[in-house]
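Attaching a single structure in structure tokens format; questions to follow.
Chain nomenclature is as follows: A, B and C, assigned in order of appearance, with residue numbering initiated at 1 for each chain independently.
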Amino acid sequence: MKSRRTSLWHRLGSINLTIVLCIVLTMDLIWGYFCLERKTPIFTPLNDMGLWAWSKTYGLYNLQHTGWFFLLLVLLTAFSLNTFVCTTNRVQQLFASRRGGGQWLGKLAPHVMHYALIVILLGYLCSYLFTDVLTGRTLVPGSSLSLPDTGGTVSLLAYEPDYYHGKRLAFFDDAVITARFRLQLDDGNSQREAVLSCTRPVRFQGYSLHLKNFAPKKKGGMNRKTRVDLSIRKDPGVGIYLVGMGLFSLGLLLYFFDWVMIREKHSS
Amino acid sequence: MKKTLVIGLVACCLLALLTAGCRQENTPKTASGDEAERPAFLQIGEFAVHRISPTRTEVRDGAGRTLVLVPRDAPMPTDCPPNQVVRVPVQRIVAYGFFDIAVLRALGVLEDSLVGVTTPKNRWYIPEIVRGMQTGKISYVGDAAAIDYERLKQVEPELVLTWDPSIIPLLDDLKIPAAVTTTPTAMCLNARMRFVQFLAPFFHKEKEADAFFARIDSALSEIRARTAAATYEPKVMWGDIYEKRVMVEPGNAWVGELVGLAQSAYQFKDVFGTSCIEITVERFLYSGKDADIFFTYRSPDMGATSKAALARMNPLIKDIKPLRHGKVYAPLPHYSQSADKLDDILLEISAILHPEAYPNYRLRYFTELPDADPQPQEEKSL
Amino acid sequence: MTDPARITLQLAALFYLAAFVVSWPVSTKRFVFPFLFFAALGCNSFTIYSRYMQSWPMLPMHLGALALPLCLALMLAFLGGLRAFTHWFVLRLGLLLCVALIVVALLFPKDFYLPFLKSKTYLSHAFLWFALFAKGACAISALWALSAWPFATALPENIRPLTALKHSLGWAALGFGLWTISMFCGELWCYLGWGTPVVWQDPALTLTLAGWFFYACVLHLHLTKSWNLQLRAAFIGFGGLVVLAMSCLPDFGPFRPVVLP
């Protein structure tokens, strides 16, 4: 029984399996491109509904366009398992034969990247399973919205856009080049102000507020009322995949340090 | 042996996925009125209708907001904010867009349910609305950019159909649910035809919606049949230039898809995105070099009275082929309020593209622009 | 694309082609090679500069097909060291690839989308340029592998297949690293701009991920050496070019005949 388990463990960690999985993943993702092309409305709700609810509705009712995605989930699970087993085996061996500081660290680098990849994938899974999303929230000057289960309130104080003037971007003449929204964040005890813009979300009470759309986008033109559409998310996966990315970058750095400083020196 | 087994298993899974997908595609999503046959989930472009139970339907609007539809006598659901609960069938509705209102007409609920609009009486071509505004049953609640909130409160709507999300915070305060009926991506032909099925559950008019869809579907079949033998594929462009900004209908929009379906070539087929998408001037002019037919967004009352008038307004487009040797069509003012006659509109566009297939067809929604404006009467007499 | 940019792109293709022609050993004009090569780089850079000027501080849309030849040529010239010039075979293939990319970009331009406001961040630019340099490095890796494959017994310029594959591994590792950095920049941009881990509105993300997995596979193949040398070389060479071509696919538009200046 034990030998069978060991054999399964070793098969799971096989590097040949890694190669096969990588090839199948590549092919599946290329298939995914053709399924996704012009069918993006099927997938966009995934970002706010979460994986489970999306799979039961959009996913299952459009299998000819989403089949590649379900296969991707299966393949990524297998890939994560394979990576974990393979890396754990090798790290054990590496620790058993530990000697030589810099060189040893260099050898550890790929394993750091492998574990980091698993952390990133876990972060994504967490994000798609457990994120609390408030969709279609809009603020106009003076209006406010409350964040559920926090007692926090967000109000829009002012819209402070920067307009582009010039000939270089003719299509952008008199259009908003920087959209800034001054928000007031009230947690019940204290108040503070924060600025929200296109790629600058605001974090408050565990939620992150992202700018989804806004109006007006141009000086003059159609008389649109000032508004900002928000995507409000409480995403427990963000921290995990950011840590994973940091870890992967560290592994990458160690690997290139090892490559450039040690292997090149040896070969020269 | 084991390898063969694994490969066989993977192949079976893939085959099952694909066939399941194909089967899904072939399954008619519109049942012939039978509630039991109706699918639990229906996606209409970026809209969706999800029937959770006989007493609860969840719909996703164009802004990705979820609205919960419950019968009028059912207890208030506790798992969602009250301003996202709509009591159905809706009896009092305010609508912003011409398209939404035309769809209400297609469902046969316009006269009974519509209580407020954002366009003044003199700009309406739908007789029921003109009549309703005359009798005071339908109120003008102010321009979309400046809604009269007191008036809106007075009409006591149970639902507001809007394209402008900026109204939502105020409606939330008034505890009036709202559905956003525009989407970030242009509505494809299928979504345009099925939008009626998105609004139907609000009024328990699913059968009427299915009948409407079937009517449009048969019009499409007729278009396919009539144009199948066409020997020449005209090149078509749909859009306009406003000062230096170029707006066109992308290839994924219903007009782009229809042009392709009617044996014609849409010049912006490769463009993907929102309706009225902005592209570069160079591309517009390039596509205009060999286009045969140009549909402009401007109606005659917006200045599109002739090719010369268009060229005067936009000197940039004066050299595109439709303005020099081809044909230019402008929508008539009532076109935008006629979506309930979508079958006629599709047929008319097809007739414009292939006049040989529709002998003696008389245009009702578009007008072909003459080369130049007719000279004023006084000049003629001189 | 405005006319000057289109004209300089056509000139860049001509200069790359001319450089390719004079790079053959039979050519007596090999001394003009550096001039032609740098003229091509100059023209290609001007095209990119011109496109950037039409969108900065936002990201020019679908710049990849025009900028990849530049990145590839720059890497051939500078990163491989001018040492790369001693490996004329790879250099010639690289030049041919640049010409092919530009010709396809000219025939299938996708230059009509306007830049969007959410791309006004350094992360979006980093995402683009790291990806381009990654693809450049991966292309060179594929070319090294190709140089090993058909000539396993009689390689030009006395390079042994094993050496060629070693070079290929180096470039693949660099490409993989840059590809990863590009993806991380993209993911950060995605989080800051949309708040989500993936922006599903852009189907190109699947091809980016496909390329990443392919090069992860390439690195593991080098590690295990479980396939024979020729098979590995063919997989990395042809497979790499196919995956790179796929990753460029979203940057190409419909056919448009080339108008010569």
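In this section, contacts are C-beta pairs under 8 Å (C-beta built on N, C-alpha and C of every residue); 3 or more make two chains touch, one makes a residue touch a chain.
Predicted model only: the values in this text are computed from it and were never measured.
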Request  = Could you quickly compare A-C and A-B and let me know which has more C-beta contacts?
outcome  = A-C
Ask   = Which chain's mean C-alpha position is nearest the mean C-alpha position of the whole protein set?
value = A
Ask   = For chain A, which other chain has the most distant CA centre?
value = B
Centre distance in Å when chain B and chain C are each reduced to the mean of their C-alpha atoms = 42
Remark   = Between chain A and chain C, the Cα-mean centres are separated in Å by 26
Query = Distance-wise, how many Å sit between the C-alpha centres of chain A and chain B, to the nearest whole number?
reply = 34
Ask   = Going by the touch rule set out above, which residues of chain A reach two or more other chains?
value = 40, 44, 171
Request  = Scan chain B for residues touching two or more other chains and write them down.
outcome  = 278, 280
Message = Residues touching two or more other chains, restricted to chain C: which are they?
response = 114
Inquiry  = If we count contacts the way the header does, which residues on chain B are in touch with chain C in the complex?
reply    = 269-271, 273, 278-280, 282-283, 286
Inquiry  = Under the stated contact criterion, what part of chain A meets chain C in this complex?
reply    = 15-16, 18-19, 22-23, 25-27, 29-30, 32-33, 36-37, 40, 43-44, 46-47, 123-124, 127-128, 168-169, 171, 176-179, 198-201, 208, 210, 212, 231, 233, 235, 237-238, 241-242, 245, 248-249, 252, 255-256, 259
Inquiry  = Could you list, by residue number, the parts of chain C that touch chain B in their complex?
reply    = 1-2, 110-114, 253-254, 256
Ask   = If you look only at chain C, which of its residues touch chain A in the complex?
value = 53-55, 57, 114, 117-118, 120-121, 123, 173, 177, 180-181, 184, 187-189, 191-198, 200-204, 206-207, 209-211, 213-214, 216-217, 220-221, 223-224, 226, 243, 246, 249-250
Key: Complex interface listing, chain B residues touching chain A   = 13-14, 17-18, 20-22, 24-25, 39, 41, 43, 45-46, 48, 50, 60-61, 63-66, 145-146, 164-166, 168-170, 173, 180, 183, 185, 244-245, 252, 272, 278, 280
